[in-house]
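Can you read through this structure? Questions will come right after.
We just call them A, B and C in the order they show up, numbering each chain from 1.
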Amino acid sequence: MHGPQPILPLELREVVLALGGRRLIDGISCRFAAGLKTVIIGPNGAGKSLFLRLCHGLIRPTAGEIVWHGAAGRDPASAQAMVFQRPVMLRRSAVANIEYALSLQGLGRRLRRERVAEVLARTGLSEIADRPARVLSGGEQQKLALARAWALRPQVLFLDEPTSSLDPGASHAIEEIVRTLHAEGTRIIMTTHDLGQARRLADEVVFLHHGRIVEHAPAPAFFDGPASPLAAAFLRGELLWRE
Amino acid sequence: MRRLAAAFAFAASLAAVSTLAADKFITVSSTTSTEDSGLFGSILPKFTAKTGIEVRVVALGTGKAIEVAKRGDADVLFVHHRPSEDKFVADGFGVKRHDVMYNDFVVVGPKSDPVGIRGMKSAADAFKKIAAAKAPFASRGDKSGTHMAELAVWKAAGVDVAPASGTWYRDTGSGMGPTLNTASGMNAYTVADRGTWISFKNKGELELLVEGDAVLFNPYGVMLVNPVKHPHVKAEMGQAFIDWLVSSEGQKAIADFKIEGQQLFMPNAK
Amino acid sequence: MSPLVEALWQAAALILHADSDLAEIVGLSLAVSLGATALAALVGMPIGAMAALFRFPGRRALVVLLDALMGLPPVVAGLFVYLILSRSGPLGFLGLLYSPLAMVIAQFILILPIVAALSRQVVEDHWREYEEQLRSLGAGPGRALPTLLWDGRFSLFTVVLAGFGRAIAEVGAVMIVGGNIAHVTRTMTTTIALEVNKGQLALAMALGIILIALAVSVNGSVHAAKHVAQRWGGQ
């Protein structure tokens, strides 16, 4: 259902992002194959959001390479989507927001209608479809952002702290949608500062600190016994204010 | 897109309006004294009724009016400063100057007349007293016919006003109306053409103090802008307007224009 | 203050008598200023949006120039257009001087920098908010331009009103290129200037009151339209 040619795996080779002389991402190498839900955690300022933006292509690395192995010369951008911490809705109806995203991909009118109706139904937004997107509640807007991403049928979905400003009910709804998307074959790569959410969603965990990957491990192993003292301290809830 | 189309349609219709009437009007570059006094408002409808030619008047000071005509932006020039008019014709910008009418300039000032020039026969002597007393004086300062007439009086009085500018001599650099408003506001002396003075509504404490001196004579001349210099000039219609002005009919229309029973301009076409 | 009271009475009388000369003058003022505003919006908004979204050589200079020209004196704009349209000027053969179209052109030049500079600010602010989301969806600056203009429409209403306000209120430019010719190029503001010249201060003030009422009603209608649109488009 996601098109014949998968763009994964995604590989980062010695990726560096330096701004004003500071190395915010400091030499990251890793590989994401198809299938899992990856949750990136780490203290504030670790570089989680920058990491996602580099993968998604919103920022160019200062050094190193980001390679989509499956893309084979094709533009990998149209097979990915991203949901941001604070949803940015256009000043038009909920439906029109999704239609706009689809029209950017060059989809015809009929196909757009079908996709919009489908994702609205599956995210429970059908009733507010014609309301102006910007008057919806925070939770509804984030659901709409997910619906918009979903309608694009991405192979990879990046989510940057998607529930950080939502109440538990809305957060639960978002997590359910993420699970459904994943069940249908979408690769999930997300950040969170909510360890509970990480435990609930992660198949594997990337622990970032000071722009470096400290651990990249399957979730059960990471949460049961982190290999590094830094991750262990983080899981205990300590502030990692020095090396 | 619809907005774009509407805007273009609008611009096009404006252009159409301005060109549709293109053959039916002439542009006359004239002075504020003829427009502000209401003379044109009184006589032009009579000309238009007779000939079907609309007369569009651009009213400026004589200096600016001549400049506009020189650039070819008018068909007829109708002003009041003889030396400039003669030069305009001599330089080839105008065809032939015709006498049309005259009125005169008057010296006005505050009712209380602190300098005491009321009723003086010589404008130059009155100006000498104003200068000696350093009484406030408002000047057009805009190279208009009135301004140049005023400067001629200063010259006759032997007073150099340049150093006094900004002290008692106030150079307003504006039209007759604004200058009278200024004089009215600060109770200053000033020179005005009689037409504007009579019709002016904001006299305040101002009163007519000196009149009748030959140096205050104010003749108006009319001339066609030279079609040789500016081929687009509507020579035929412009000449028709000039011919009408100097005809007995036009001269009567000028004489008939009165405000509060006073005749403002004396026809004097030969 | 008796002249001010008199002005109010005269304004009321002028309106009640539905003076046909007045209607003509008001009509021309509105036609010229609305025409100039529409053209300035059509040209200025894309210029402003491009200055906000694209990086090109001379962009900073353009931004500074637009900001500076917001204060362009109307007389200078008028003189510039006069020298162009004058029979002795480069476009003199068109014979447009002393026509309503000349006044539209002069006011267009006068308010273009206002519309462009303020639009640039509006679009830049929206781009800051939308950039990541739009890029993520695959829309670069070129595709974002119409989107941002549309999403900034409520702010751009105010931008257009600022342009219109300057156009309807200015006298220097239309006086020079229009010539204040009765029944042809006489607008509200040139009439007011003329009546001041005649010393008819109360009448001039009465016309001023009508002009203000006109500006208030145009602004009021736009705000009402904006209010209705906002209820449908959201915030």
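Keep this in mind: a contact is a pair of C-beta atoms (placed from the backbone, for glycine too) under 8 Å apart; a residue touches a chain by one contact, two chains touch by 3 or more.
Since the model is a prediction, treat every value here as computed from it, not as a measurement.
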Given which chains touch which, is the overall layout a line, a ring, a star, complete, or other?
line
Does A-C or B-C have more contacting C-beta pairs?
B-C
Relative to chain C, the most remote chain by C-alpha centroid is chain A
Which chain lies at the heart of the structure, taking centres as C-alpha averages?
C
Please tell me the distance, in whole Å, between the geometric centres of chain A and chain B computed from their C-alpha atoms.
78
Chain centre separation (chain A, chain C; CA means) in Å
46
Rounded to a whole Å, what is the gap between the Cα centroids of chain B and chain C?
32
Multi-chain contacts only, two chains or more: what residues does chain B have there?
none
Footprint of chain C on chain A - complex, ascending:
53, 56, 58, 77-78, 81-82, 84, 88, 90-92, 100-101, 104-105, 131-135, 148, 152
Touching residues of chain B toward chain C in the complex: what are they?
3-4, 6-7, 10-11, 14-15, 17-19, 22, 27, 32, 35-36, 41, 56-59, 71-73, 175-178, 180-181, 184, 199-203, 230, 232
Contact footprint of chain B on chain C as seen in their complex:
31, 35, 38-39, 42, 86-89, 92-93, 95-101, 104, 179-182, 184, 194, 196-201
Would you pull the chain C residues touching chain A in the complex into a rising list?
129-130, 132-133, 135-139, 143, 147, 150-151, 153-154, 232-235
